[in-house]
Structure formats: structure tokens, C-alpha cells
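Here chain A shows up in two complexes: once beside chain B, once beside chain C.
What follows is the complex of A and B.
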């Protein structure tokens, strides 16, 4: 059974002027000790999905309009505030993109980590502190530095602190929202390796949100490609990287300058993401698609399983035309 | 090919309370007309400072800059203003580099006003020309930056840089703030413009795949010094400097058949303030020997047109 199953999740941001459809009927599932990569561009709804799972969508203006989020068979959307508070940080925890703003600048980092442990671990302050020091050691920071403040750490070190905090209660599911985007490549490599090691040790499942297909290739088991609030393609790592079918996925791969091959000109996707407050009818990608036919502009879309475990949301792929 | 820009032993130090910060330390290179020099390195390695010093947006501490056979190292303020017509810059952040109170047409026309070019009608015509050139629809002429997305804003930045028909442009991380699909559009635009107008670029970035795609030569910088410089494809085939090797192994490759190399680079950038007389890369280098502690290595040509600053480069690479 999968650890997390999202069915038909719909999240809108309602403002006085407009309704922004951030997530539209999204289906996803993550199995135990597996990593799912959620890939998409700015504004695709990746972070909103993650916040939805944590029930952290700011309301107002955010509204979770429908769907189910089953975590170990229990619907998180029906859980009371008290129940969800017990799950957050304990069973599901999150690593945010920007380590500079994820830490409280006026609390010593040792205390910040101990706070999570004390809250969920039913233990005394001293015991929490002991475990906090141990966590620091696990992520490669000398325990003596626990009395320092966030500004005394570099970006990579801060992200290690955030990882220590997220993993302090050995969560079953870790949501990492662009955990290395703010870091330099050499530091990124170190942080990714650390996350992989800890994940394997603790058998943690992970939802990794990123826009970097290179990181996906190195860390994920399954991949979901997100566009305008929908999953347009979903499959195993091999299915997506060897046999991408959705025109958007193909376009994404064409946009990255390659290190292995020499390409004179890139093949970018034309145009821009549609405005989430005014999404087009039919296929949401049709305005930028090279394979468009009339039905794409109006037709009802369905997600089709083209081979076991490989899902695509495209009319023309469904008809076997691409 | 004709030399456009020559930089010799360029140094830029900043005074800090803790001592001199060596942002750029003894950098030399030559760029030919119509070519692109890619400058790569981590944050804090001095790559942006280098771009700005070359344009004389920052005063240099020591060294020489020659542009079109003319020494511009110590030219007067007035001459350097005239020089800006020839040398321009595209900034990293299309959000903060545009005045939010000017519309697109005013933003692009601004350089033309500063240099008193064209009359009012001629200017508007030139603005439209530039908008066509960078692929910005004319209907946006009277929109304000906040109404546009990052890709379109960066096109404004490109149009502004092109307004005075310069020969040389410093592109300071022009695509880092953009999504991949938009990034590819801007890269193609920059390449097309280069081909059309025989432009010369310095392309500053931290993204190695982007720099490989667009550059003729690549300069790898580490803590203000040149670590390695050679032809673009050569660098990826034969990285000789331990830092370049580490940098290349650290990039996640979007190919599942790619064998992941173990992490080679440990630790972080050391401080650029009052560096000791030793190899700057010492603390992170796994090949370090006693020689490396005894003095800074020199920049040497190990193979034709392939320069490396490392004491042990021959031993490490069996040259």
C-alpha cells in the first residue's frame, strides 16, 4: 500500500479580483521508502501541493476545495487541527527552499532542533537537547556549534540544520521543496548526498520538489511532471527519461543545455505558462504545443495509462497519434 | 581574429575592517571579436566583480585593460561615459534592474536620451526596432515591468543593452532567475544577436551546462584567481585543475545512464580576506602536497591554449 495517496486534490486562491486555480484535480501516490520527484516551472503549483499535504495552505486566500489526501489510509483533509499538529514535524516534515528564512534568527540552532523533539518526543528538555546534538553530528556539524545563531552559519550549513530539524523525529514522509536551489553546485552535491544517506538509513519516503531534471535523475524513483496545476505525465524514472511522451515533458528536456552532447541551438517550448487566474479550456498546454489539433482546444482530457505505471494527460498521446 | 578586449594582471581589492578582500586577483585574458568568454565559479569567487571592473563600473586596484587597441585603464570620467556606448551589461535580476516607474518604451529609450541620439519620433522608431529584435511584442510598449513576467523583463534588459549598438556586452547571469523553458528562449536570443551583429560577450554564470552551450572559451575562477582557462569543449573533455574536476562531478546530469561520480569537493569556499601565500584551493584539494603550502601556484600553459594554476597539475593528470 502506498504511504501517501492524493486523489483529486483541488486548491484555489480566492482573491477579490480573481480566482487562481493553483492545483486542479491532482492525483499522486508515494510508496514506502520511495522518492517521488515533482517537477515543474514557477507557478505550476508544486509548492501549493506540498503545503496542501501539510495542511499549511494560508486560508484566506487559499481554499482546499476538494479531494483526499490519504496518509497511511487516513484522510488528512478530515483530520482535526490537533491531529494534524501531531502529524506535522513528526510523521511528515518539510524542508523549505530558502534556509536563510526557514530558521529563527534569534534562537540558537541547538534549541531550534530540540524544540521539535520536545514537542513530539515526550521527553524532558535535557533529553531533547542531547538528541538535538546527536542530530547535528549526523548532518555533519560539530555539536559545539549548537550554541551559535543562524547568521553564524553559511548557506550550506544552514540547510544542514534545516535537514537535521526535519529528520529529528524520524518522519515517515519528508517533503523537500527545492532544498538545494539556493546553494552552489558543490554544496548542493554535498547536501543531496547527505539527504540520500539519511533517507536510506531511516527508510523515509520523500516528495522532492524541484525544477532540475538532473537532480531528479540522481535521486528519484518516480517522477511526476506538473503543468498549470495538473500532473501531465507520471511514471518511473526510466519511463520518463527514456520514453517521455507528453509534449511538455519533451519540451523540458529540449530546453536544457546538455553536458554530454554538443547542441548548437536549444529547442525551447514557445510562449509562456498560462495565467493561473485565466486557464485555457481543453488542454492547458495547447497554446504552446507543437502537436496541437482542434480537439485540444475544447476536448475533455483524461489521464491515460499508456504502459503499466506510466500515465500521460494528453489527447493525442491517448489516441496513439504521438 | 581581431582582438577586442585584452585584460592584463587585473586586480580588484575591497577594503574591509578585517583587511583587504581580494575579489579579483591577477586575472588576464584576451577576447576576440565575435567570441564569448564564459566565466564560471561559485558565489563569492569574484566573477561578477570581474565583469564590472572590465566595464569600468568599478575602479580597478591594479592591472591594465585594453579595448580595441586603446588603453582604457585610467581614462577620464568623460571618456568612460563615451565608452559605455561600446560596452554594455545585462544584469542578473530582471526584477530589480528595471525602474518600476518607467514603461517598457521609456526603459528601452532611456539610453538613447542619455546619449542624445535621435529626435522624439526617431527614438520611438528605434525602440520598436529593438523590441522586434528581442522578440517583445509591440503591444507591451506602454506596459510597466510589474505587468510582465521574468522572461519578458529580461528581454527588456537585453534591448536596453543593445540600444546603443555596442560591440561588447557583459552578461551577468542573465538567465539564472528564469525557468528552464524561458532560459532556453533567452539563450537562443543572445546567440542569434551575436551572430547578426558580431557581438562579443563575457558570459558570467554559475551554471556549467549553460556556459558550455554558449561560450568559445571558459575561464574557471576560484576565490578571485584563475583556476583554469581553455576552449569550451576541451574543458569538459579534459578538466585538469582539481577544482574544475570537482565542479564537473558535482553537476547533476539529467540522464539516467550517467554514472554518478562520488562527491569530490568537500568543505566550502575559504575567506578571500588577506589570503595567505599558498594555493587558494588548498583547504578543499585532495591532491594537496607540501609544495601547495609553500607558495601560490603560477598560471601556466600546460597544453597549447590550455592554462591551469596548480603546482601538481602534471602529476595529477599524468602529463
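What follows is the complex of A and C.
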């Protein structure tokens, strides 16, 4: 049984002027101690999906309109506030994109880590503090620095603190929302390595949100490609990297510059992502697709399993035309 | 920390000297002749005029007068004597400072204790009917100058409803109208400021982090949002002190209270320079002092500032304790 299963999740942001369809009928599942990479452009709805799982979509304007999020068989969308609070930080925890703003500037970092331990660990304040010091050691920060405030740390160190906080209660699922985007490249590698190590020690499953296919190749077991609030292609790492079928996935790989070919210009996917307040009918990618057919503009799409475990949401792939 | 406070107190000296010089210069060059006002226009001899001017020290040059004034102030803390009554300004002020200071501090207290909680509620219940009502009322109040507020209060509660006394400061009931009038627009402005600050803080990422930890909403607001929100709000109190002080000058005049405000008003009308200079000097000193207190309070609210002033020895002690705790547990 999979640890987390998302079925038909739909999240909209409703403002007075427009309705932004951030996530549209999204299906996903993560198995125990596996890592799923969720890849997509900015604005594809990756972060909203993650916040949806945590039930942290800001309301207003965000509304979870439908679907199911089954965590160990239990629907998180039907859980009461109290139940979801016990899951947050304990069973499911999240690493946010920007470590610079994710920490409270006026609370000592040791206390910030101890807070989550005290909430879920059934322990005294002292015990929570001791465990928070151990956590700091685990992520490679001297425990003496626990009395310092976030502004006394560098970006990479802050992200370590955030990771320590997220892993303090040994969660079953870790959601990492672009954990390395705000860091420079050398620190990125360190942070990723640290996350991988801790994840393997605790047998934690991970939902890794990123737009960096390099990171996906290094860390993930499965990959889901997201476009305009939908999963367009889903499969194992090998299936996606060796046998990408959806035109969008092919475009993503095509836009990575190759070392052995000498080209003057990069090869991006033409056009822009459609306005989430005004999504096109039919396939949402058809305006940018090189393989467009007239049915793509109107036709009903279905996700088809092209080989065991490899799903694609494309009309032409489904008919075997590509 | 002590070093910081001493430094800040020393900094007050040049500020006050500048203020004295500026106010002295302004009164000196303001049209109107105190000698003429004392003698009465038309029925004096040039000799009498010259005698009076010499007596008041007004026959000397601008620089001469200014240096004498500052010299007396610095060496003897002497603010001079009133031109009209010949009573030393400092004697008169000694009686009046407590009255005005009490009035202004109460004004500030009312402003913070009303504006802050209402602003918080407004922010936490954003777009509710309560929020809309509070923000619109606060806008009207904020737009009202102290004198309009004072006259309206006087009219409604003192004259029409006759529930509160309108002059003097004999009982606690006398304080209500002047204090509310002095705090007046401050309440509105402070409420709106609190609301904006709180709204900004609760949208910060670290609030989301606190929720993601599974923290109870009440604690998220109290522990994570409130303190972050208070830091800028304490700082602006310093700026409001000056506003409330100047507001209380007008309020004192309207409610006929013998504070510094009425004294200054009399001095202004009679071109009584020592009164004007002395009162402004004292008000400025008070504003500076309150600001200093606010800044010190700021250091206690914002641990980042406090940490900056923690001595290395104290720091080492905290670290040592931490390690001991760890040793005991393992």
C-alpha cells in the first residue's frame, strides 16, 4: 500500500476578479521509503499541491474544492483541525523553499527546533532541548550555536536548521519544496546529501519538488511531471529519463544543454505556460506542442498506462501516434 | 547595554543645544516687540523704552543674547525670568510639568491600550464586519485634529449630556475628556498601524512554518506573530509622544488646565521669549527622554538587539549550561 495517495485533488484560488485553477484533478502516490520527484515550471501548482497535503493552503483565497488525500489510508481532507495538527510536523513535515524567511527571526534556533519536539514528542522542555541539540549536531551545526538567532546564520546553515526542524520527529513523509533553490550550487550539493542521508536512516518517504532535473536524477525513485495543475507524465526514474513520451517532458529534456553537442542557442519550449485563470480547453499543453492535432484542442483527455507504472496524459500518445 | 544607554544620554546634549538655538532664533526673528507689549503702544518715552529693553537684555546683539541664554542654561540650569511677571520660568514650570506629563503619558497609554488590541482583532478578523467598522471609525478619528476632537468632546459630554466636568483637574473624572482628546487621532492612527503590521506578520513564511510544525493556532499568534508585530509598534510610540505632547498643548488650553500648554500659549501671545524658549526646551527634553526609554524597551523586546549587547562572559555561561543539560540527560 502506498503511504500517500492523492486522487483528483483540485485547488483553486478565488479572488474577486478571477478564479485561478492552481491544481486540477491531480493524482499521485508515494510508496514507503521512496522518493518522488515533482517536476514542473514555476506556476505549475507544485507548491500548492504540497501545501494542500499539509492543509496549509492560505484560505482566503485558496480553496480545496475536491479530491482525496489518503495518508496511510486516512483522508486528510476530512480530518479535523486537531487531527491534522497532530500529523503536521510529526508524520508529515515540510522543508520550505526559502530558509531566509522560514525561521522566526526573534526566537533562538534551538528553541524553534525544540518547539516541534515538545509538541509531538510527549516530553519535558529540557528533554526537548536536549533532543534539539542532538538534531543540530546531526545536521552539522555545533550545538553551542543553538542560542543564536537566525540572522546569525548563513543561508545554507539556516536550511540545515529547517531540515533539523522537519526531521526532528522522524516523519514518515517529508515534503521538500525546492529545498535548494535559494542556495548556491556548492551548498546545494551538501544540503541534498544531508537530506538523502537522513532520509535513508529514518526510512522516510519524500516528495521532492523541484524544477531541476539534475537533482531528480540524483535523488528520486519516481518522477511526476506537472503542467498547469495536472500530472502529464508519471513513471519510474528510468522510464522518464530513458523513455519520455509526453511532448512536454520531451521538451523539458530538450531544453537541457548537452555537453557533447556544440550549439549557439539553448533550445527552450516555445511559448509560455497558459494563464491559470484562463486555462485552454482540451490538452492544456496544446498551444506549445509540436505534435498538435485538432482533437488536442477540444478532446477529453485521459491518463493512460503505456507500460507498467508509466502513465502519460496525451491524446496522441494514447493512440500510439507518437 | 549600560554603555549604550550612556551613549544615548550623551547624544541628547547636542540635540537639546540645537533645539535651544533654533527656538531662540525663531522667537528672536518673529515679528512683535515684547517691550511694546509691556509698555503699551503709544504712551511711552524713548528713554523708558530703552530702559525697559536694557532691563530685559533685549538691547544686546542676537549673538550676545543667545550665548548668555545658553551659558545660563548650561551652568546654572537657569531658564530666565518671564518678561511680564518677572517670575523665574523654572519655578513656574516645576509646578506645570507634572500636570502636562501626566496628561500626555495617560494619552499615550490610552492610545496604545485601545489602538493595539483593536488593531490586532481587526487584522485577525480581516474583512469581517467588525474589521470594516473598526477601520472606518479609526479613519475618521485619525483625520481629526486634537482641537476638533477636544471641542467635540467638550460639546457632547460636557455641554449636551453634562456627564463629565469640562474644566480643571480636581478628580479622576476631570481627566477623561482631556486624555481622550489628547490621545484622539493617535488611537485611530495606531489602530491602523497595528492592523497593517499584524497583517504583514501573519503572512510571513515563519508563521506558516509554525503551523507546519503542528502548533495550535492560539500559540502561533501569541508566540510567533505577536512579538514580531510588537517590535515596530513599540518603536513608533516614540514618534507619537511628540504628537500627543503638542496635542495636549491645545487640549490644555481648551479644558483650561494649568499645564505647560497654557503657559506656552500665554508666552506666545505676550511675546514672552523666556517662557517660549524654556517651555519648548523642557518639552523637547521630555520627548527625548521618553524616546530613550522606548529605545531601551525595544532592546528588551527584540532579542536580536539584546543579543548584541550580551557580554561574551554571559554568553559563555548560557552555552555552558546548555552543555551541562545535555550531559545530564545522556
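Heads up, the rule we're going with is that the second predicted complex is superposed on the first by the 315 of 322 C-alpha atoms of A that agree within 3 Å, B and C clash if a C-alpha of one lies under 4 Å from a C-alpha of the other, contacts with A are read in each partner's own complex, and residues count from 1 in each chain.
By our rule, a contact is a pair of C-beta atoms (placed from the backbone, for glycine too) under 8 Å apart; a residue touches a chain by one contact, two chains touch by 3 or more.
Only a predicted model underlies this, so the values are computations on that prediction, with no experimental measurement involved.
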Counting only touches as set out at the top, which of chain B and chain C does A:217 meet: first, second, both, neither? first
Contacts of A:25 with chain B and chain C, given as first, second, both or neither: neither
With the two structures laid over each other on chain A, which partner does A:258 touch: chain B (first), chain C (second), both, or neither? first
Just to be sure I read the superposition right, which of the two partners does A:130 touch: chain B = first, chain C = second, or both, or neither? second
Where on chain A do the contacts with chain B and the contacts with chain C coincide? none
Touching chain A in the complex: which residues of chain B? 42-43, 149-151, 179-185, 187-188, 191, 206, 208-210, 212-214, 233, 236, 246-256, 258, 260, 263, 265-266, 268
Per the touch rule, the chain C residues reaching chain A in their complex are 127, 203-206, 208-216, 223-224, 227-228, 231, 302-304, 307, 315, 318-319, 322-323, 325-326, 329-330
List the residues on chain A that touch chain B in their complex, please. 41-42, 154, 156-157, 184-190, 192-193, 211-218, 237-238, 241-242, 251-260, 262-263, 265-270, 272
Could you pull out which chain A residues touch chain C in their complex? 54, 56, 58, 60, 85-90, 93-94, 96, 98, 101-108, 110, 115-116, 119-120, 126-127, 129-130, 133-134, 143-144, 146-149, 151, 162, 165
